[in-house]
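What follows is a group of structures, each given as structure tokens.
Same chain, two partners: chain A is paired with chain B first, then with chain C.
Now for the complex of A and B:
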């Protein structure tokens, strides 16, 4: 089965439609969405309508949650004061335009979707807000996959696609109690685990404006990271037309995200 | 007078006039610096004072009489002419002035070369004259370093218009003062996708401000065209620390400094 996994659409309808066309052309059997349907981009309602119309299984992203629960990110979402201010502007704009039924839909999305040995989350099994950076410490990365009880963990949130294999994983655990008596050592050896990050459809961060997503073949276990050009100028024009900050359009055109994101692989989300 | 004691230095934006003057100032004991066309925006003067604390500054708009007296007293005088000042408009009450043009390499026959007594090769900057200068005073403002990094990247890559030259003095949250300088090159070394290659960042030799808001001059000057001043100002405003946040930073920094041993405390 060919499975298309997309993430981080962020109200960019033009990018979503182009990716859906590409998925058709690649003859995929199913689509799973890793959330962040809204935020920053100019078409939050339309993106949600499109995803719902196709009955795409979708998990809740951090922006989807923030639009329902209110902005409540930890510092990993906003590494600078400027990014935080811009995020707040985007949140306020989106909060004003999102329809009640869209808000209800976003609020009921699950945090995790499972299909056999595959698990799908937005950020990490720990939180929608936690970044699983490609350089994340191997021990922590393996712990995250194991906690999802999966062999392959699909995530997004970083906006940079990658495939990371955790081969021959082995965890050794020894706990020393306050009485300094050493407890027996415990060992856990795991088979190959993988983390596959789908990148971002609507807000790429890889230095080009192209949308990214991934096609996973469940039989061959091959992950194909797709990069799809789309007419980003239409989205940029809509950003300006709808009164979002012009700098969002400029950053989108360079493949830089609307506001910059965390780069620190050692930071773990405090939420 | 066998040797000139007054130098009039001109050239295009970003070519290295202030840098050349800074090098010359090291040879003198009590030099004077005047920036013609700088108005009430002492950015170049502040940069020079940081490197050469022994210089005296004169206000270019009101310096005429003082300059005559200083020249009569034999003090070396360096007058920097802003690129936007028409050379034929310069009427100085001074004698024995050596006119120096800093020009891009292989740019003979320019207005500056024809005007000068001496031509010095500077950076390879574009030959076209930019039509806009934007100046923003940031004195007493303190910036979040991560935000400033983002802003500088956006600015030099053209998010706020076509930038040929940008230079600023910024107060940072850790109490240091930094100069940021960017010049768009006219040669192959220009890298539009990586403006950091054309940027220079350095701490200024000034005491750290760890209590309250810094009072010394800081600001930003941008030379280019189609510059979006309001967007630049808004981004800078969003990057500046509030009183409450600055107080938190400074309380932390003061605690950190107090817990360091005397050997660890920087001068």
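Now for the complex of A and C:
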């Protein structure tokens, strides 16, 4: 089965439609969405309507939560103070335009979606606000996959797609002390685990303006990182026309955002 | 040798208002051949015991010659904060689920507002040398690490805190989990790059449960630690039984 995994659409309908066309062309059997349907982009209601019309299983992203629970639902919602200032402007605009039924839909989205040995989350199994960066410590990355009870963990949130293979994990544990009720020596070994980041459909940050997503083949276990050109100028024009900050059009046209460089390079959620 | 201002630590948790148990541990600490010069209390200084107010007063006023206790907040402190409207769970849901609704009034009458305010001034945890001393973990005071916690979770809590040793008290258990060795291979593929596979090995680290002063009625367990030698010792003392009848209500 060919599975298309999307994330971080961010109200960019033009990018979404182009990616859906690409998915058709690649003959995918199913689609799963990793959340962040709204925020930054000019068409939050339309994007939600389109995802709902296709019955795409979708998990809740950090923006989806924030638009329901209030800005910065988690204290680590933004990786830097600059990102937070810009996020505040996008949040206020989005909060004013989303329809009540859209807000209700975003509020009821699950945090995780499971299909066999595949687990789907927005940020990490800990929180939709936690960033699983590709350079994250290997043992912490392994813990996130294991805590999802999966062999393959799909995530988004960073807006930069990657596939990370974690092989031959092992930990030797020795337990002692008055209340050491478990085996005195344990050896944990793990088979191949993977984290697959789907990138971003509507707010890419890999250095080019093209939309990104991933196609995963459940039989071959091959992950194909897809990069799809679309007419980002249309979205940029709509951003300006609807009164969103022009910086969002500028960064969309470049596929890059300085403010998303984290003040804390590990950027692990403590929620 | 690296010289620090303190050489011999006593680390305890879970007094839960049991003043007799705390006095018994202080007595045992005074008996140590190598003097204890740092006293860490990893939360749960208060609880359901009616002596909570007296215990707080004792902690705030150590006797001459006693190390001034360095105290962080724990699960029970969080419950008192919730009851007084300054916690993250104003409905005290976790407390009700664990102990029922009747406990709310008991706790309300157990501690003065001034003492609650003092508890609020306490730290969340301590980073000392390469050690994290905390009630649960950096995730939350409720995070309960035990000998049965998966090794990957123990390691995650250590790595996230950038500590080699994590002393915790949430479980009330006295144990040492030594993550002795480990390895993992990792490779990242992006749109533009295939990185060379990287092999990472584990620097030995430990999670230590420091025991509890009130988990068992007839014994209190705490931990002695020498940072210079890395020597760890679990101590068990028997508190003097005192009648516990008075309340504040």
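Some points to look at:
The definition used in the following text is that the second predicted complex is superposed on the first by the 244 of 271 C-alpha atoms of A that agree within 3 Å, B and C clash if a C-alpha of one lies under 4 Å from a C-alpha of the other, contacts with A are read in each partner's own complex, and residues count from 1 in each chain.
Just so we're on the same page, a residue touches a chain if its C-beta (ideal position, glycine included) is under 8 Å from a C-beta of that chain, and two chains touch if they have at least 3 such contacts.
Everything numeric in this text was worked out from a predicted model, so none of it was measured.
In the superposition on chain A, contact of A:247 is made with chain B only, not with chain C.
Of the two partner chains, chain C is the only one touched by A:146; chain B is not.
When the two structures are aligned on the shared chain, A:57 is found in touch with neither chain B nor chain C. When the two structures are aligned on the shared chain, A:227 is found in touch with chain C, with no touch to chain B.
When the two complexes are overlaid on their common chain A, residue A:85 makes contact with chain B while staying clear of chain C.
Taking chain A as the reference, the larger set of touched residues comes from C, when chain B and chain C are compared.
Applying the stated contact rule after C-alpha superposition, one finds that A:160 touches chain C and leaves chain B untouched.
Residues of chain A touching chain C in their complex: 134-135, 137-143, 146-147, 160-182, 186, 188, 199, 206, 212, 225, 227, 266, 268, 270-271.
Only residues 79-83, 85-86, 246-247, 250-251, 254, 260 of chain A touch chain B when the two sit together in their complex. Touching chain A in their complex are the following residues of chain B: 144, 146-147, 149-151, 154, 157, 159, 228, 231, 235, 238-239, 241, 245. Put simply, chain C touches chain A in their complex at residues 138-139, 147-148, 150-156, 159-160, 173-192, 197-198, 200, 202, 208-209, 211, 221, 234, 236.
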